[in-house]
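Labels run A, B, C, D, E and F following the written order; every chain starts at residue 1.
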Amino acid sequence: MTNITRPSGRQPDELRQITIERNYTAHAEGSVLISCGNTKVLCTASVETRIPHFLKGKGQGWITAEYGMLPRSTGSRMNREAARGKQSGRTQEIQRLIGRSLRAAVDLNKLGENSITLDCDVIQADGGTRTAAITGAYVALCDAVQYMIDKKILTTSPITRQIASVSVGIFEGNAVLDLDYPEDSNAHTDMNVIMDEQGNYIEVQGTAEGAPFTPDEMQSMLALAGKGIRELMDHQNSALEG
Amino acid sequence: MTNITRPSGRQPDELRQITIERNYTAHAEGSVLISCGNTKVLCTASVETRIPHFLKGKGQGWITAEYGMLPRSTGSRMNREAARGKQSGRTQEIQRLIGRSLRAAVDLNKLGENSITLDCDVIQADGGTRTAAITGAYVALCDAVQYMIDKKILTTSPITRQIASVSVGIFEGNAVLDLDYPEDSNAHTDMNVIMDEQGNYIEVQGTAEGAPFTPDEMQSMLALAGKGIRELMDHQNSALEG
Amino acid sequence: MTNITRPSGRQPDELRQITIERNYTAHAEGSVLISCGNTKVLCTASVETRIPHFLKGKGQGWITAEYGMLPRSTGSRMNREAARGKQSGRTQEIQRLIGRSLRAAVDLNKLGENSITLDCDVIQADGGTRTAAITGAYVALCDAVQYMIDKKILTTSPITRQIASVSVGIFEGNAVLDLDYPEDSNAHTDMNVIMDEQGNYIEVQGTAEGAPFTPDEMQSMLALAGKGIRELMDHQNSALEG
Amino acid sequence: MTNITRPSGRQPDELRQITIERNYTAHAEGSVLISCGNTKVLCTASVETRIPHFLKGKGQGWITAEYGMLPRSTGSRMNREAARGKQSGRTQEIQRLIGRSLRAAVDLNKLGENSITLDCDVIQADGGTRTAAITGAYVALCDAVQYMIDKKILTTSPITRQIASVSVGIFEGNAVLDLDYPEDSNAHTDMNVIMDEQGNYIEVQGTAEGAPFTPDEMQSMLALAGKGIRELMDHQNSALEG
Amino acid sequence: MTNITRPSGRQPDELRQITIERNYTAHAEGSVLISCGNTKVLCTASVETRIPHFLKGKGQGWITAEYGMLPRSTGSRMNREAARGKQSGRTQEIQRLIGRSLRAAVDLNKLGENSITLDCDVIQADGGTRTAAITGAYVALCDAVQYMIDKKILTTSPITRQIASVSVGIFEGNAVLDLDYPEDSNAHTDMNVIMDEQGNYIEVQGTAEGAPFTPDEMQSMLALAGKGIRELMDHQNSALEG
Amino acid sequence: MTNITRPSGRQPDELRQITIERNYTAHAEGSVLISCGNTKVLCTASVETRIPHFLKGKGQGWITAEYGMLPRSTGSRMNREAARGKQSGRTQEIQRLIGRSLRAAVDLNKLGENSITLDCDVIQADGGTRTAAITGAYVALCDAVQYMIDKKILTTSPITRQIASVSVGIFEGNAVLDLDYPEDSNAHTDMNVIMDEQGNYIEVQGTAEGAPFTPDEMQSMLALAGKGIRELMDHQNSALEG
C-alpha cells in the first residue's frame, strides 16, 4: 500500500473512532447510538407481536427498517421529507438495504408471528451513514431479541449470524477504509460491504464515480472491507457484553 | 393550594428537572438539546441568507419552524410521517405555533433579508414537547443570531424579547405546573402558555378535556404558568452565559 | 372603556348582526346557515349509524368536523384545496378545533355507536369564520340529535351543555368584541373563546400579533367574550325555538 | 310523444323551475346562484389581470373552471375531496367540460392578458349539476366581463356567443328533458348538450347506461335539448336584464 | 362529399390501415396490439377471480380499464405520470370512457364474481388513441373470456354485443373519418363514437374546437362514424377468426 | 464447473437469446427494443436542448433515466404506478441505477447544455429487466448522440466508453449467467454487474437471498459476468453496425 495522505490523517486501513452506546433512549426495546467519527446514527428496534398483512398465515415473522436524516444533520439544511410529502429515492434505497441486511441475520421462521422495526435516524452526518446504521441496528436488534426472550415472547434467539457493514473506496488512486464525507465526495469509487462473522458476503454495492474501477482495485477494496468489518464486530461484541 | 399527590411526586408548582445543552450537534448555527424531565427535544437553528418568495422586496427576514417526532420517541412506535407522505394535523399545528412564537421574539425588519429555520425534533417524549421545543428553540435562535453577528451578516441583534413556554393543567381538581405524560393524559384541562420576560402573553392555548374549566381555574393556571416561565428563563439565561 | 372608533362603527362590546337559518339545504339531518355580519357559514350535520374503526367495541359514538372555504368566499380568490391536493395547516387546525369543541358538548357514551359529521363551509368570509362555524354547528347538531330521536336511533339527547364561540381582540389599544376582517387584520391580539352556558371555558386560544398582551388585556378580553357568548346563546335558543 | 309519467309529474319536454340570482355573494366579480328545481349551484367568476405560465407572450387571455360539491349536497354524505387529497375523475371531467364550454363562448385574443376562473360549487344536488353549472357560469362570466369594462380593463366584450346547457335522456323508453336525480339514476341514456344561441353545438356527450340508444332516440334527444336550451337562454337573458 | 385534400391523402371516408395482432405478449389472458396507421396501442386483458369491494355480495362481475402513454410515444417527450405522482384529468377521462364502453358490451351478471382489467398502453401516438384502445380492448376481452371458458371459470360468454370506436371530425369544412394527429390538431370539431354491431350508440362525445358545429355537420359525422365502425368490426372479426 | 441442470436447459455460462432492434418506434431520437429471452424492454432516448435547473451555468449536460413496467408485463397483474400515485422503492432504485450507469459512459462536459432522457419500459418480464434496460439504453443513447451530431447539436460524440450489464447468481450451488425469472426467484444470490469494454467495473450489486455468498462464489460470479458482458457488447456492436 502506497503512502497517501487522507484528509483525516488516518492510515488507509484505519477505521474512524467507533463508539456504540446502548439504551440511548428510554422507550424502544433496543436503542443504540452509534458514532463512527462524526457520523452519529440513532438506531431503535421496536417489537410488535403482529405481522404485516402479506405474511398472514405463513407462521413467520418480519424485520423491516426505516431511515431518515434530521434536516440539519448535514452541512447545509436539507428539506424535511415529511414536509415534502415523500421520501427520496436515496432514502428508500437505503432503508431497503438496511432491512434486507438485517433479515439476512435472522431466521424469520424462528421469530414467530412478530415484527421488529429498525428505525435508523441520522443525528449528525459525516459520510458512511448507511453502513453505520446497519452496524448499529444489529446491536439494537440483539437487545430487542433479548427483550423478547425476557418477556417470554421467544424461547430462543432467531439470530443466525452476526452482521456489520463498512464502506471502502478508491481515494487518490488507493483503496481506503471507512470513508468520511470529505473523502467520499472526492472518491472515484465508493463500495458498501455487508458481511457476516465468517467472512461471507451479505451484500456488496460498488459504484464508480467517474472512472470505472479495475478488478485489482475491486480485490483491494474487498480485502480492506473484511478487515474493517472484523474490527467493527469486536466493537459490537464489546458493547453487547458491556 | 391543597395537598395532592402528582404521579411524579412533584409539588403542584414544581417544574421537572431542566437541562439545556448548547452545541449538541456540529453543523447547525444553533443546536440545543433541551431536557424537561424525560422529554428531550433537539432544537437546531439554520441560517440562510435568502428569504421565501412571498417576502421578496419587503426588506425583511423570516423565521419559520418545523417539528417532528422520531418514530420511537414514544411508548409505542408511531408511523414515520415521511413514509406516510404527510404531516399530521397535530404536527402542523405545533410547528405553526413554534414559528409564530419565535417570530414574536424578533424584529423581522432588523433581521435583513435572511431566514432562520428552527427544527425541533423530539428524541424522547414524556409530555410537553411543544413547550420544551419553544423554550429550547429560543436558545438556538440566540446562538444563530450571534453567529450572524460574528459573520457580519448582522450588526446588531434583532431579538426584541426573551420567550419561554410551559404547560399547566387541572389534575385531580388542582392546578399543576409542567405536566408530564401520565399527568397530561389524565388532566381535565391542558393549557400551553408562552410569555415574555415582562410577564406578558405571546400565546395562550387552553383546552378542556372532558369538563370545562372555570374562570377561577383559569386564573390559577395563569399564575402557575407565570412562575414556571420565570424559572425557565433563568435556565435559558444560565445556558446562554455558560 | 375608552371611546374608540371601530371601522364598523360598532361599540367595543357590540356583536355584529347575527342570523341563524335552519333547514338551509334539503339533504342533511341538520343544516344551518349562520351569518355574523358579512361572514356566512353553512353548517351541516350528517348522521351515520356507524363509528370509525378506532372506536370499534368501545360502545360510544363520535363527532367530527370538517372545514372549508369556497375559493371565492374571500376578497381575492384562494386556491381550491381539493385541487392543490391537501388541506392547509390552517384548515386542519380549525377543523380540529371545531370537532373538539362540539365533542365537549356531548356525552359520547350516550350517543351510542353513531357518528355525526359537522361540515362547516364558508360561503362568504369577513373575519371570525371559525367562531361562527362553532356557534352554527351547535344548532345543526341539535337538529341532527332531534332527527335521531325522531327516528328512534336515540331515546334521549346526549347533549350535555350548550356551547358557542366568539372572537375578541385588542384593537387600537382597546378590547373589542367580535372582530370583522378589517379589525382582525389590524388587531394586536386575536383570541377565540368557546364557552358553555354556565360561563365555563371549553377552549381559549389567544395569539399576540406583534406586541404581547398584558394580563389586564387578557382579563378585559375574557369579560367581553363572556358577554358576547351569552348573547350568541340567546340567538341559538331563538333559532331552535323558531 | 307517448304519454309517460315522469317521477316529477313534468311533461317530457318540460324544464324544472329555473331561477338565476345574480350578486349572490359579495366578493366575486360575478356571483350567480342557479337553481334548476332542487339542484342549486353557486357559480362565481374571479378576474385576475395575469395569465398562466403556458400562455406567456401569446397576447391572449384564459378562462378556466373548477367544480366541487359540498360534502352534504347529496343524499348521503360524500367524502370531502380536499381531505381525500385528490379530485375524483368525475370532478376533473366535469371541470374540464365547464372550462372548455366557456372558452368556446369567448374570443381569448380579445380578453387580453387576463384570466377568469369560474368556480362552480354545488350547494344542493338533484341531478344535472354540470349542465346547471355551465348555464349559471355563463351569467357569472357576463357579469365579470362587465366589471372588466367598468374598470377599464377591457374596452369591449370578448364574448362571442351565448351558451347554455341541458341534459336529455331516455326514460322508460321515451326521450325526456332535464333529468332530475330519480330520473337520471333510472335512465337508459343520459346526454348532456351545450349549444349556442344559433342552435349550433358546442359539445354533445351521450352515454348509454345499459342498452345502447338508437339513431332515432338520438334525434329525439337532440330536438328536446334544442328546445330546452332556448328556454334556458331566455332565463339567462331575463336575469342579465334584471 | 366535396373534393378535399387530407394531409394523409386519404379519402374523407377512408380509415387508416388497421392491423390487429393477438397474443402480442405472453402473460396476459388477452393481449392485442392494434395499429391504426401510426397509432399503436397495446391492450391487455387480465382476469382475476375476485371482485372489488363495492360489489361484494351482489353476485356480479366487473370490468375496468386503465390507460397510459409511454413517455416517448409522442413527438415531444411527456412527463411520466408515475413520476409526477398522479394521472392527468385527460388520462382519467379516457380510462373512464374505455371502462364504461367495455362494460356496455358485457352482461356483468353472467360474468360471475370475476374481474377483467383492460390495460391500454399507447406505444406510439398519432391521434385517435382512445378509439383505437376501445376497438383493440374488445378483442382482448374476447380472448380473456375464451380463456375463462377454457379454464371452466365460465360456461358461456357474457359478451352481449360487439363494440368498436372511431373518431370523426370537421376538417377544412368537411366531415372526415378517423383523424390522425395532423388532422386532429387542426380540426374544428372532434367526435368520438362508440357503436355496437346493430348500429346503435354506446357513447357519442363531440367537442367543438373553435367554431360550434351545425346540426348538418353532426349528421354527416354520425354517418361517417357508422361506416367506419362497420369496417373496424370486420377487422375485429378477421382477427378473432385468425 | 459442475454439471447442473438449469430450468432453461442452458449451460451455466450461457446467455439467453439476445436481439436488439433499433428504430422500434417513430418519434424518439433513439428507440430500441431489446429482448433477452422472454424479457423485452423498450428503451427510448429523448434529446432536449436544455438542462435541469440544478446544472444551470455549469456548462455541462445531463443524462437521466426512468423505468416502468406495463401492468401486465408480469405473470400476475401489478398495480399501475401512475394510478397508485407513486413509484415504488424498487422502481426508483432501478432508474437511479440506469441513469448512473449511462452517465458513466459519457463525458457530460462534452454533451453541452443538452439533456438525454432514457425511458426503459418493460413490455414483458422474465427476469433481468434492469440489466437488459442498461444494455439496450446504451444503444438508444448511441442513436440519440448520432442524431445530435447529424443535427449539428454536437460536433463530436461525448460517449467515452461502451457499457453493458448482465446478472449472475448462485443457483443450486453453482454460479450461473443471465438468470431468468424461474432461476432468479430460486437463486441464493443475485448480482448485477455493469462493465465497460476494457473489463472494468461501473457498478457491482450483489445481494444474498438466504445464505451469504463466499469469496470464492464472488470470484466465480465476477468471471461469468465478464464473459457475458463481452458477448452482450458484440450484440450491441452488431446492432449499431446493422
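Simple rule for what comes next: contacts are C-beta pairs under 8 Å (C-beta built on N, C-alpha and C of every residue); 3 or more make two chains touch, one makes a residue touch a chain.
Bear in mind that the values here come from a model prediction, so they are computed numbers and not experimental data.
Which neighbours do subunit C and subunit D have in common?
Output, common partners of subunit C and subunit D: nil, no chain qualifies.
If over half the contact pairs have to be identical by residue number, which pair among B-C, A-F or A-B is the repeat of C-D?
It is A-B that repeats the C-D interface.
Using just the Cα atoms, superpose subunit A onto subunit F and tell me the rotation angle to the nearest 5°.
Between subunit A and subunit F the superposing rotation measures out at 180 degrees.
Please report how many Å separate the Cα centroid of subunit E from that of subunit F, as a whole number.
33
Take the average of all CA coordinates in subunit B, do the same for subunit F, and state the distance between these two points in whole angstrom.
Their C-alpha centroids are separated by 51 Å.
Roughly how far is subunit D from subunit E, going centre to centre by Cα mean, in whole Å?
It comes to 28 Å between the two C-alpha centres.
Can you list every residue of subunit E that touches 2 or more other chains, as numbers and ranges?
85-86
Round the ring, from subunit C on through subunit D, what is the full list of chains in order?
Read from subunit C toward subunit D, the cyclic arrangement is C, D, E, F, A, B.
Would you mind writing out the residues of subunit F in touch with subunit A in their complex?
Counting only subunit F, the residues touching subunit A are 86, 89-90, 92-93, 95-96, 100, 104, 161, 191, 195-196, 198-208, 210-215, 218, 222.
Which positions of subunit D touch subunit C when the two form their complex?
Those residues of subunit D that touch subunit C are 25-28, 31, 38, 40, 42, 44, 46, 48, 66, 68, 70-77, 80-87, 91, 117, 119, 121, 123-125.
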